[in-house]
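Structure incoming, see below.
Order as written gives the chain letters A, B, C, D and E; numbering starts at 1 within each chain.
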Amino acid sequence: MPTIEQANNMSQSKISAGNVQVYYGDTHAIKDVSIEIRPQSVTAFIGPSGCGKSTFLRCLNRMNDTIASSRVEGRIEIDGENIYDPRVDPVRLRAKVGMVFQKPNPFPKSIYDNVAYGARIHGLARNKAELDDIVASSLQKAGLWEEAKDRLDEPGTGMSGGQQQRLCIARAIAVSPEVILMDEPCSALDPIATAKVEELIDELRENFTIVIVTHSMQQAARVSQRTAFFHLGVLVEEGLTQDIFTNPKDKRTQDYITGRFG
Amino acid sequence: MPTIEQANNMSQSKISAGNVQVYYGDTHAIKDVSIEIRPQSVTAFIGPSGCGKSTFLRCLNRMNDTIASSRVEGRIEIDGENIYDPRVDPVRLRAKVGMVFQKPNPFPKSIYDNVAYGARIHGLARNKAELDDIVASSLQKAGLWEEAKDRLDEPGTGMSGGQQQRLCIARAIAVSPEVILMDEPCSALDPIATAKVEELIDELRENFTIVIVTHSMQQAARVSQRTAFFHLGVLVEEGLTQDIFTNPKDKRTQDYITGRFG
Amino acid sequence: MSLPLVSAVLLVLAVAGYIFGRGKALKTVGGDSRRLHSLSGYYGWNAVVWTLAPSLLLLVIWLLLQPIVINGSVSSMISEETAAGSSLDLVMSDVVRIAEGLDLAATQGVMSAEDASSIRIELTDVRDRLGDVGVALGSDVTAETLRAAQAYREISATGYLLRSVVVIGAALLGLVLAVVRTNPEFRARNAVESVVRWILIAAASIAVLTTLGIVLSLIFNTVEFFRIYPASEFFFGLTWAPSFGGGSVLGILPLIWATLYISLIALAVAVPIGLFAAIYLSEYATPHVRAVAKPLLEILAGIPTIVYGLFALLTVGPLLMNVFGSGGALGVNWMSGASSVLTAGMVMGIMLIPFVSSLSDDIINAVPQAMRDGSLGLGATHSETVKQVILPAALPGIVGAILLAASRAIGETMIVVLGAGAAARLSVNPLEAMTTVTAKIVSQLTGDADFASPEALVAFALGMTLFVVTLGLNIIALYIVRKYREQYD
Amino acid sequence: MTDTTLAQQSDTSHASPERTVFSILEGDALTRKRNAAEARFKLYGIIAIGIGLFFLVALLWAILSNGLGAFTQTFVKVEVPLNQQQIEEAEKSVVKTSKYRAILIEAFENDLSAANISTGISAKDLEKLFSSGAAATIRDHVLAHPDSIGSTVGFDLIASSRVDGYMKGRVDRDDLAQDKNLDAAHLDLADQLQAAGILEKRFNWEFVFGTDASDSRPEQAGIGASMVGSLFMMLVVLVLSLPIGVAASIYLEEFAPQNRFTDLIEVNISNLAAVPSIVFGILGLAVFIQFMHLPQSAPLVGGLVLTLMTLPTIIISTRASLKAVPPSIRDAALGIGASKMQSIFHHVLPLAMPGILTGTIIGLAQALGETAPLLLIGMVGFIASNFPDGVAAGFLSPNSAMPAQIYEWAKRADPAFYERAWGGIIVLLVFLMAMNIIAIILRRRFERRW
Amino acid sequence: RDQVQIAGSSTVLPYASIVAEAFGENTEFPTPVVESGGSSAGLKKFCTGVGENTIDIANASRAIREKEIAACAEAGVKDIIEVRIGYDGIVFASQKDGPAFDAFNQVQWFNALSPKVLKDGELVDNPYTKWSEVDSSLPDVEIAAFIPGTKHGTREVFEEKVLAVGCEESGALKAMIDSGMSEDDAEDACIAVRTDGKSVDIDGDYTETLARIDSNPNGIGVFGLAFYENNTDKLKVANMAGVAPSTETIASGEYPVSRPLFFYIKKAHIGVIPGLQEYAQFFVSDEIAGPDGPLAQYGLVSDPELAATQAKIEAAETIGN
């Protein structure tokens, strides 16, 4: 139930980050990034490889906690709550902010169990039939149903690269989080599968907040409402997608989107 | 030393596959594929996710041997020699036919050691300086030198997804094989890095035979001379790239490249 | 209520707690488990924890305190004279035995319950009647002890009743509290997980407590030893020559030296064989070969060490004698007896093969296939892949396995006693007999010397020193692993 | 791009010196060298396994050839008339069994004459054919069946160890020259008895299921009671060490903050593995018996001590396997909102299972074969003289354990005990394999590369 | 606790186990528990205090020492009954088919094993490598003696009754004192054993000594009489100082190398632990510990003063009273 305050926020920003710094040991990977991410919209992170997109994305659901050498400073709020507050339960946070990783990492379990896992631990299904429904619909949304429906009991690790990627997407949406972070969800997908996932993203946007990392400007332009451009750990520019692509304010952004970079 | 027969072949085809079948347990993943791959050219494999591109690619340097459940039938010849001949040493084959995998898999070693590894085992460098050269030039070619040169001693696993992918490309070209098989080498790369890799491919083409799996029609069109379209384990069509893209013979190919598939 | 009964009641309450906790949680959200903070099962477990944790704690405390309290009040009934004859402690155990006998007699129907509590020594031969129900007593029962026993029975009966009431009350209270507190927002998973976490911590601290216990159980006697024997001679003495009549020379250096020497030889045998076996099993062998060979090798770890000892003494030792002894195959006379460091080391090495092979095999097997593919795809041979990619990635685990083997080598006695001899000696010749710290700990502890003499107490000092030495070695090992660890994926 | 450009390029490639198209069928020198190294490497592996298996076979052969004899035993059939008066008289004396022995010999002499066997052996020496426990067998029967008094009962009595040794070929007439326990004449009698069917050798269930006997009657000693002792100890060890070890490893590997203190714990645990087992005995004596007042010689205490001893093995192997699980698996679970606890119990632990089970197999094997700590808590000696009469007694009443029993037998003077010791080792190994089989099967199910 | 608990010397263990077994068979009481572990550990356990969770009897292959009595008393174990059960003969035996080791005397042993011996009137480093060099009557084989390790009580007896005697008789003791050693030092030097491998300490049991002699035909080992008597098929025994070892010669004191065996009872436990007193009485009864009893049958040299011991137990007479 959104409270009045939350409802207020909703029109403003779902995630708000202020002066975020991330270090890996001595490396300063994210430098002073501040950004507001709107609810019910798709935000795309773009930028050259190694600029810190994944790193920043991982901060948003505290997945960086799992890397021993990494250290996060600054303020990140979701629905007005600081997620780095010691009282925050990262588990609840991650249930609310789901993630699809850059490298597909299915569990060494059956395809069914891969997708059902999240629903099981969050008690989303009251019975086997409901669970089956969740699995089927998630796989359908991720465009994997046709390929997977006859081999639900086979291990998820025995799939092709693109299938694994879609499996991971299915796994993430099966939990129906409020925010979904997707790190290059279509990198291993063919155009048709990509189109399906983009469709899915567009559909999800109605209820969820989505952040997507992509290398394809076209994709960013197609699916996102807002785009953030990172470069060398710095958030160079953030704004409405059409503004960024048609009328970038920063030289670096312009260079990047016109392919003149480096 | 190329024999006359081999030299003859060279002008015709580097790799010649006939009626190849691949099974994973009971699954028939590749169905009766026959193809000729020309030397000193780039061949692109395209097709929807899960159609068998990676599987077929892995057959070409017998990497499928490492999957216990897989079984290959049919004939695959490189330079006229059947690679599934029992006398063939897969090690030598793989030295000749290098591979970049779909999921970046850097070794848990330093960046330097990752690249130097192949050169070391094949004895390509006589001394440390030569090895340094090989490492540097490979990283340069893969477009990773700028990012990596200051951290050659850090583990390759601590890099961003795109960096890892370029590291794997650098690692593969460091052993200068005759054939390079690349499974979606640019999937995690930004446009600029992609352009660099494409440039590299074009450059390599002069001396090597390259097979590349890609999901991007544009990329296939940009870098390849010939394109093969796979669908559901079947090689639907193979031919000059411009022919495939402008004038496909098969309905399925047409549907796929126009994005009307499925 | 007896202990099993109370436990059974607690168990039933725990089950009830699970059902109620889970039920309440589901009810508050109208059966829609998605509106709960945690999985419904966690609410059940939360109730279980609340039911069991405080009550069990109470029960344990009660179990510890009740005997003390009862003993206190009953022992006041025993007169000075009786206690002076033996000790209060013993009289009390007699009292307890009589009380138990009376209980038994009452339950078996040999005596009526009133009889049991009012029976008088003057009227019946209690010892005989208790003997009938199978409770043997050391001596005849005096009026005093009988009265004490009857008092003991009474007080314990009340104690048991009270205990049941308190413990079950606590369980009920916990249950009710947990169920009352259950609401959709309640973080049941966190609550349960924090309990689990405490359990994990408790488990980890057992290892620490064990260390503490070892140090404590050694320290007093060690200190005692150093009071009667100069520490400098112990630590820096080059001779080990205990003797019954006193005047022993107890220098630890020859023992430490032989310990390290034998362990090194054992590892020199076990590590290459074990490691190659592990590599072969995990990388080359067919699943069938592996499924058979691995458990077979593991039998080597299960053969009692006495067999290895005899094997060393009767087979390997004479074999080595035939090679290195006088008139042997080599024509040298380097070995004077079948027992030697080499004999023991080699045999110990055989025993340790599975320690290295099985564990390393598991670890190597856990290295992801992508690592192998990466290397093979570059044209590396399988062995190059193993040596340069897989072994480094598996290093921490392999070092763990080797450490385990080394530890076992250091702690082994039987093979040393039979294979290496009992004489302490400082020598570099592996064909000479020597003995280790552990073997000497055992022999001094199980010997016939005066237990308050340095010859017996030295066992504790040896144990303590070995403990410190291996601690040092382990620190070095940890450092090495940290330095070379490679994290894959 | 067209084929013509391709053809041109192929020309340039021929010019370039490094471009040597090599055949994959014939190797160059380096490849041959590398392949030779590969073959050698593989060979080393085979040799290593060969060595291991060779020694296993050698040891097993030694064990079997020495120990199989323990599984057969010579028995003598005697018809004993249970005379009321004789029995009453016997029951009055201090050492009642010695009187029963007289009854036995009297009956045996009758049997002999009935079978037409004449000997020059005196009644006192005739006794030596039988185990000194034979009389107790008769007395036990009388006590158990008082109604049989007055009738004649047929007994299968155990022959003495030397007669038994003779039947098994362990003892021959030369050996008896100096022996005060038996003469060559006894052996002649034994031959006659065997021919008459009074004496026979058969499988010795008593050895597998019986209890220990004193030094003077090796023929009666069995390993059964100590097997029960080992069983109860192993129950304690398994039930405690596996969960505690795994729990401790999980905490240390996954939850504990990385700091000096956890380093200390880590070093501490590997150090515990190096603590000689007898020191655990010292600890057990001090803590469980003297401080906690648990009973002496009890399998419960033995199990607790062995648990402490096994823990480091299980912890070390579990931690090694937990470390080997790739972090991406943990990330995957955490990323969909699993708690750390869930990610570990649902994903990491199953993947680490093979290593955990290996640690358990090795740890339990070690615990099962360990004697030294038992020495200090009083489980070595002459102990397992009775079977425990219930589950609680199984844990609490004095008992020995198989390795302790074997060790005891190996020390005893009579060579017949030596045979029993090896026989005991066979039983121990069978027990061990039975114990491991579940773990091995489980481990195979969990083993999978991903 | 129902049964009597006993711990201590592994030399006494066989006898104790024979008695315990017979006790269990012949009485209503359960079979006592007899732990092994050595006299030292047994007495130490014995002296941890009184009470149900402590043992009742300690077996020892030597008499309890003053220091141990004091330690006992400190822990509350004040009244201890000492029971001497008989004697253990110590014999010298070699492979049955080996060299003819038939007769020894203490001087020969001293000369063979001591690091310093008297040769031609002078103290020299032991020059002998063969028995025949020690004494021409002995076989011409390498010296290979397997003697009990320093943990064994037997070693003490061996040192006192063989080496020390030999030292004195050979005149080495006198020579040492003459050379300026103090008497104590000289006595210590007398019982030292050479460390060049001719003499091997055995920390294990007689079975180990037997195994070593099995694999070394020239070996000669030190055994208990009972052990030897059970292994006459493999061993032959040598006379010592002209006397053949047997229960009779040892009981009469003719055979020089023997030692008494004991057990100690906690008086405080009598009357509390069922069967304790009965066990002690049973043990020393004539039927058991007498010359015709099972213990003597097994190899124990029965105590000629058994009657006195029986009386002592009857009266529960403690040490020091």
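Everything below uses one rule, namely that a residue touches a chain if its C-beta (ideal position, glycine included) is under 8 Å from a C-beta of that chain, and two chains touch if they have at least 3 such contacts.
Owing to the predicted nature of the structure, the values given are computational and were not obtained by experimental measurement.
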Quiz item: If we look at subunit D and subunit E, which chains touch each of them?
Solution: C
Self-check item: Neighbouring chains shared between subunit A and subunit E, ordered by label
Solution: C, D
Self-check item: Comparison of A-C and C-E (more C-beta pairs in contact)
Solution: C-E
Practice problem: With centres defined as the mean of C-alpha atoms, identify the chain lying farthest from subunit A. | Solution: E
Quiz item: Using the mean of all protein Cα atoms as the middle point, what chain has its own Cα mean nearest that point?
Solution: C
Quiz item: Which one of the chains is farthest from subunit C, going by Cα centres?
Solution: B
Quiz item: Roughly how many whole angstrom separate the Cα centroids of subunit C and subunit D?
Solution: 18
Quiz item: Using CA atom averages as chain centres, what separation in Å is found between subunit A and subunit D?
Solution: 57
Practice problem: Check each residue of subunit A and list the ones that touch at least two other chains. | Solution: 91-92, 103, 121-122
Quiz prompt | Multi-partner residues of subunit E (at least 2 other chains) | solution = 10, 37, 41
Quiz item: Which parts of subunit D, given as residue numbers and ranges, touch two or more other chains?
Solution: 34-35, 38, 285, 327-328, 339, 351, 375-376, 410, 450
Practice problem: Return all touching chain pairs. | Solution: A-B, A-C, A-D, B-C, B-D, C-D, C-E, D-E
Quiz item: Along subunit B, where are the residues that touch subunit D in the complex?
Solution: 1-3, 6, 10-11, 38-41, 78-79, 81, 83, 85, 87-89, 91-93, 95-96, 121-123, 176, 178, 205-207, 225
Self-check item: Contact set on subunit A toward subunit D in their complex
Solution: 61, 63, 66, 68, 90-92, 94-96, 98-101, 103, 105-108, 117-118, 121-122, 155, 157, 168, 171-172, 174-175, 177
Quiz item: Given the complex with subunit D, which residues does subunit C contribute to the contact?
Solution: 189, 193, 196-197, 199-204, 206-208, 210-211, 213-214, 216-218, 272-277, 279-281, 283-284, 291, 293, 295-308, 310-311, 315, 350, 353-355, 357-359, 361-363, 365-369, 381-384, 386-387, 394, 396-397, 400-401, 403-404, 406-408, 410-411, 413-414, 437-438, 441-442, 445-446, 460, 463, 466-467, 470-471, 473-475, 477-478, 487-489
Quiz item: Where on subunit D does subunit B make contact in their complex?
Solution: 1, 3, 6-7, 9-10, 12-13, 16, 18-25, 27, 30-31, 34-35, 38
Quiz item: What residues of subunit D sit close enough to touch subunit A in their complex?
Solution: 258, 327-340, 342, 346-347, 351, 448, 450
